[in-house]
Amino acid sequence: MRAIPATFREQTRAARAFAEQAWSGASTTDRLALILVPLALMAFVGFVVSAVVMLGPTIDFLGANQPLVRFGVAAVGILLLTVPTAFVLIYMELKVIARMNLRVGPNRLGPWGAATSMIHGFKVLSKEDFAPTGADVTVFTLAPAVTFLASVMTLLVIPFAPGIFGQDLNIGLLYFFAMGGLSVLGLLMAGWSSFNKYSLLGGLRSAAQIVSYEIPLTLSAVGVVLIAGSMSMTHIVMSQSGSALDWFVFKQPLAVLIFFIAATAEANRTPFDLTEADSEIVAGFATEYSGMRFGFFFFAEYVNVFIMSALLVTIFFGGWTAPFNWPWAYNLNWLDASGIGLLWIGIVAVVLFVATDILGAAIWLFGGRDWSAPAAFGLGFLVAGAGVTAAVGLACFIAFDWVQGIFWFMAKTYVFVFVFVWMRATLPRVRVDQLMGFAWKWLLPAALLNLFVTAAAILILNQPVTPR
Amino acid sequence: MDRTLRRRLEARLSAQLQGPIRQRHDQTEIRIRPGDVPDVLRTVHDAVDLRFEILADLAGVDTGDVMQVVYHLWSETSPDWLRVIADGIARDDPRCPSATFLWTGAEWLEREAYDMFGIIFEGNRDLRRIFMPPDYTSFPLRKDFLLPDDAARSPGEGVRHIERPVAAARAAADPATGVRRARVS
Amino acid sequence: MPSRTARPNTGAGARPQGPPAPAQHRSEDDPRVMLERDINADMYEPIPPYPTQTERESEFYSSGDGEMFINIGPHHPATHGVLRLVLKLSGEQIVDVDPVLGYLHRGVEKICENSDYYHVIDQVDPLEYISSLFQEWAAVLAFEKLMDVEVPRRAEYIRVLSGELLRIASHTLYMGFLALDLGGLTPILYSFIERDEIMEMLASLTGARMLFNYFRIGGVNGDLNHEFMSRLGDWMSRAAKQTEANAGLLNENEIFVRRTRGVGVLDRATALRFGVTGGNLRAAGVPFDLRRAHPYSVYPELDFNIPTRDEGDSLARYLIRVDEVRESIRIIDQCLHNMPDGPVMAKLPRLLRPRPGRAWGACEGPRGMMGVYAVSDGSDQPFRFRIHDPSFMHLETVPTLLPGNLLADTMTIVASLDPVLGGIDK
Amino acid sequence: MSFIPGLGIARGMALTLRRFFEPKATIQYPETKPDVAVRFRGRLQLLYDEFGNLKCETCFQCAQACPVECIDMGGHDTKSRFYTHWGPAETFGERREESAVRRSGRPVPDNAFTHFEPIDLVAVEEILEARDYDPREMLPILEEVQAAYGYLPIAAIKHIGHVTGAPYALVYGTATYYSHLSFERRIRTIGVCRCTSCLLAGSGRIANAIGEALGTRLGGRPAGGIALEQVPVHSPGAASPLVTLDGKPQPDVTETSAAAWSRSLAKKSVA
């Protein structure tokens, strides 16, 4: 029983002694905890207080200028979308081409090699990033950014689903082609600035190729614009909603062909990948690039593939519309359209809990002797969780049209991505003069013919297709 | 062995032939002076009963005393290979007329012979090193170009694991230059 | 490259009075030049890779306006081996070409002159590394003529069998590489599957996978064994169908046909003047195949055709190979059917000392005539051992075929001529 | 090319799509090793037979025949007298300076052959000519060579092996098998008589003592330049036991002094 120190001085001394003893006795982690925990507590309290105080004004501010917020969110979302898309496409290309070559393909990193392209990304990040002697360093550094941004910005106008799009411009198609045309600038900058004959040839090739394939690309889309009567992507998609028979692919078969070929050339894909023809000009405009600059070109290429497929789907294959009429209407009234309410969360939690118990018990009792209780209930939890997730997903799929839209859109888009990869696995490369000759002698007249026929048909029938 | 070819050749080239026409297995061999190379090649290429149109090979040979340029020709008029040996080219200043006026393909073969033996083919418009670097100064396939590590009958012999008797080497080699001389004519 | 300062002649022979060399330039591919010189347009002005000596060089390295020089190789995705083509371009159009060889030169002829007759065979192996058996074959043909050796018939049949197998492997690889240089990714892997099967087969026969040191003077090293025969049977059962399917990927492909038809036309007269042999000559309409034109083994007893085509373009060169694969499969069938019994080696002394003489042996390789000219002085080593490689002559036609075509056609033409740099550079 | 444009392309696409679903040709290496042919010659390793004995007989022929000099064998022979080495120089440094010397055009020194002095081979040539370069007459050839030179020079053995075509290992083995063939110059000869009287007088023990002192045995290989042999005939008038040095009797050598005497003799001959 120690005597309580009498004076304040003694009290402080005792406290300091106690603190010093505690501190000296504590390990490093304890000391960290001793420092961090109070800080974290203070930060949390401050956050809560500020949230309570600032919540109303923040909501008011966001509500006041919604389009700005929407744009910001969309831009951030799209920039975040591109990198995983590129990873998925790279992995898909590796794997699909490998299988078509009777190889297995990447299968060491991650399950079935799924982490390969991610590791590739880290490798590219960790590489030295240099500029060759005699290069125009400013342009050399800017070029990848220009290419990447040009291809990313086109994603702004692509409607993934009803309500899920960056901006619904009424000149969306025009904006798309303008931005697509911007990407050639980046390639040209890269080819010129890297002070290498191979790069120069690659840059000039890409310039000639993209400039001459822009025209049939655009002209083949103009027919669709005539039919839909608008340039807004959402409008175009809406105007072909319904069953698969309402898609423009059946109204514009020639245009689809032209558009697909021109899009292949636009995305620099085989058989039109003259700009990085490795057997002729070593890597084309990217010969002198390394590190993340090269990575930007790489991403841009694959994002281009995704975008071209997406555009093809949007204007010819009905975008996010389902290929057949859905039996029940969207937005079931017993489910509030703004999202799953608290009630549903509770229901899901209870169902999950009960199902876990039932399944776990069943496995534990009847699954044989070798099931310990934790293992049995863990498995039960997994199965029940999977089932509940599937159920909730299905419910959302039925309930919310944007979930459906994203599903159908992505499905169609990846079908065309697969076709691009498939072509790359099969076809050899065309020659420069054949490429240009094909563009100017065949594709352009065909596109013009298609345009005239469409216009004539609309004039004769005199009924422009109106959106529903 | 194609006897008729021998008769045809003797009939055509009696003037230029040096020594008898040798025939062994499926090869017929004639020796000429280097000066006669254009006439002889032209004859065997154009004459209706010879028509040796395909130049199989052009090789330089350094016998230790003289240089030779050996042409191998093929014709559908004969089952034999025709071997034309331009013999007696001086080693210190080897010169030989080029065969590019008949076979353009002889250009690189002559370049190779020049690179390896230093034989200068007059009339070849692209006579430069083809395998060796352009500033290389010696001619590797000459017999006085020694590989000291494992060359038999060379001053360095016996230090590597392919060993040759000293006496035989001295007998075969010219004591002055150490050139291995051929016992072939 | 060694330093450019003139060194005394290490070979004791006096240097002949060659064409005079003017003042020496620094080559453009010398990195120090890049660092020294300030960066401006005259980086693009032509500088010969080494001092100009000859007429042809000075003509090549003087460029008109708007023409630029570009190096394909020595390290380039599309050059088979270490080949360097200095192209003179105006835009994408090729004005002139100057192939630079020797990056792979190993002096095999000198090595062979310094090793026994037995050692020569595995010295010549790595020359034509795609089809090494044929270089061995030419060497042993020459040596057998030199020593009057009689080869047992069974050995001859085994030689033909393995040779034709290797011919198929080489042609399959050729198709794949042609497609690869045209930008097609897939055919090369199908080709490698076939070729790998054949290589494993030959490994079980000869004991090595690529550089089989198999042929011997007066026979072959080792008789047919069960493993080889079973592998061969499995493969032969599906060979024809498989090769047809793989070729079907290219034969009718419009892009491939447009890329190759009429590109690099090598007509009959030019081919003869350039000493071109093999499939490239047959594609130009000359039925010159040593297996028929100068029969050297049991080929007279076998029944096969010599496919020829009249248009000498890259497509014809490709299709000739496709047909030859079929013929080779026929030959293998016949070999298996009338394979005689008996020894596979002739009786020979351990140390070979042929009497002085000269011999020329030539056989028909996948790329053309493989020749060997051997001179013996009565010792146990060849006094002169000359190797003739067809790829050398084929590559020589490139400066004639390329000008006027586009840059992309360089790969088409070079790949369709099918050179192997290991054989070219000796 | 087909008449319908695009048909060939379509066929190609169909083929690749079919191959997409076909079984793959890849061999996952570390998990499944490809089967190596029975005849495969590519592996450089010493093989053991089913009883676990090393199959390699150290005949050096692989190192002699290796065209790229990748096989490197070295070591002392069974009597640990001569260091033998086949193959390239051991270390990279050696090899580098060696190639530098080679480029300079001079003979390349190789430490493995310092013991190997070239000799005049005319006599060997004559003997071989007489024997018609026949490797089957190896023993007489070697005996005559030893008679000609007084011992067997390594140069002569290499020469014989080369020109007769018999592998060096064979000649070397023959020379080391027969005890009367020696690689060493013989300087002096100790003779011990083994007639009955000498044996009774203890010449056998003397021979053993001398043999132990010299590191050899009666009629064996000479050691340190001294050979221990049997006196063919007991020279008349000599006392038993008879011990001769180069033919001259040594009366003062007895059982007790033989060892010391021979040791001093060995010292002198070595010095």
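Going by the order they are written in, the chains are A, B, C and D; count residues from 1 in each one.
Heads up, the rule we're going with is that a residue touches a chain if its C-beta (ideal position, glycine included) is under 8 Å from a C-beta of that chain, and two chains touch if they have at least 3 such contacts.
This one's a predicted model, so the numbers in the text were calculated from it and none came from an experiment.
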item	value
Fewest touching-chain hops separating chain B from chain C	1
Centroid-based (C-alpha) most distant chain relative to chain A	D
Chain centre separation in whole Å, for chain D relative to chain A (CA means)	74
Chain C and chain D, separation of their C-alpha mean positions in angstrom	43
Centre-to-centre distance between chain B and chain A (centres being mean Cα positions), rounded to whole Å	70
CA centroid of chain A to CA centroid of chain C, Å	49
For chain A, residues contacting two or more additional chains	100-103, 425-427
Residues of chain C touching at least two other chains	10, 115, 186, 193, 249-250, 253, 255
Residues of chain D whose C-beta touches two or more other chains	9, 12, 15-16, 19, 25, 105, 163
Chain D to chain C touching residues, read off their complex	1-2, 5-9, 11-12, 15-16, 19, 25, 34, 37-42, 65, 67, 105, 163-165
Parts of chain C lying in touch with chain D, wherever the complex brings them together	10, 115, 119, 122-123, 186, 193, 200, 203-209, 222, 225, 227, 245, 248-255, 257, 349-351
In the complex with chain A, residue positions of chain C that touch it	34-35, 39, 43, 68, 70, 76-78, 92, 179-186, 189-190, 193, 249-250, 253, 255-256, 258-259, 406-411
Interfacial residue positions of chain B with respect to chain C in the complex	24-27, 29, 53-57, 59, 61-62, 70, 72, 74, 76, 79, 81, 83, 91-95, 102-109, 112, 114, 116, 118-120, 125-142, 144-145, 147, 150-152, 162, 172, 177-180, 182-184
In the complex with chain B, residue positions of chain C that touch it	1-19, 50-51, 53-57, 101-102, 105, 107, 109-110, 113-115, 145, 270, 272-277, 288, 293-294, 356-360, 362, 369, 371, 373, 375-379, 381, 383-384, 386, 388, 392-393, 396-397, 400, 425-426
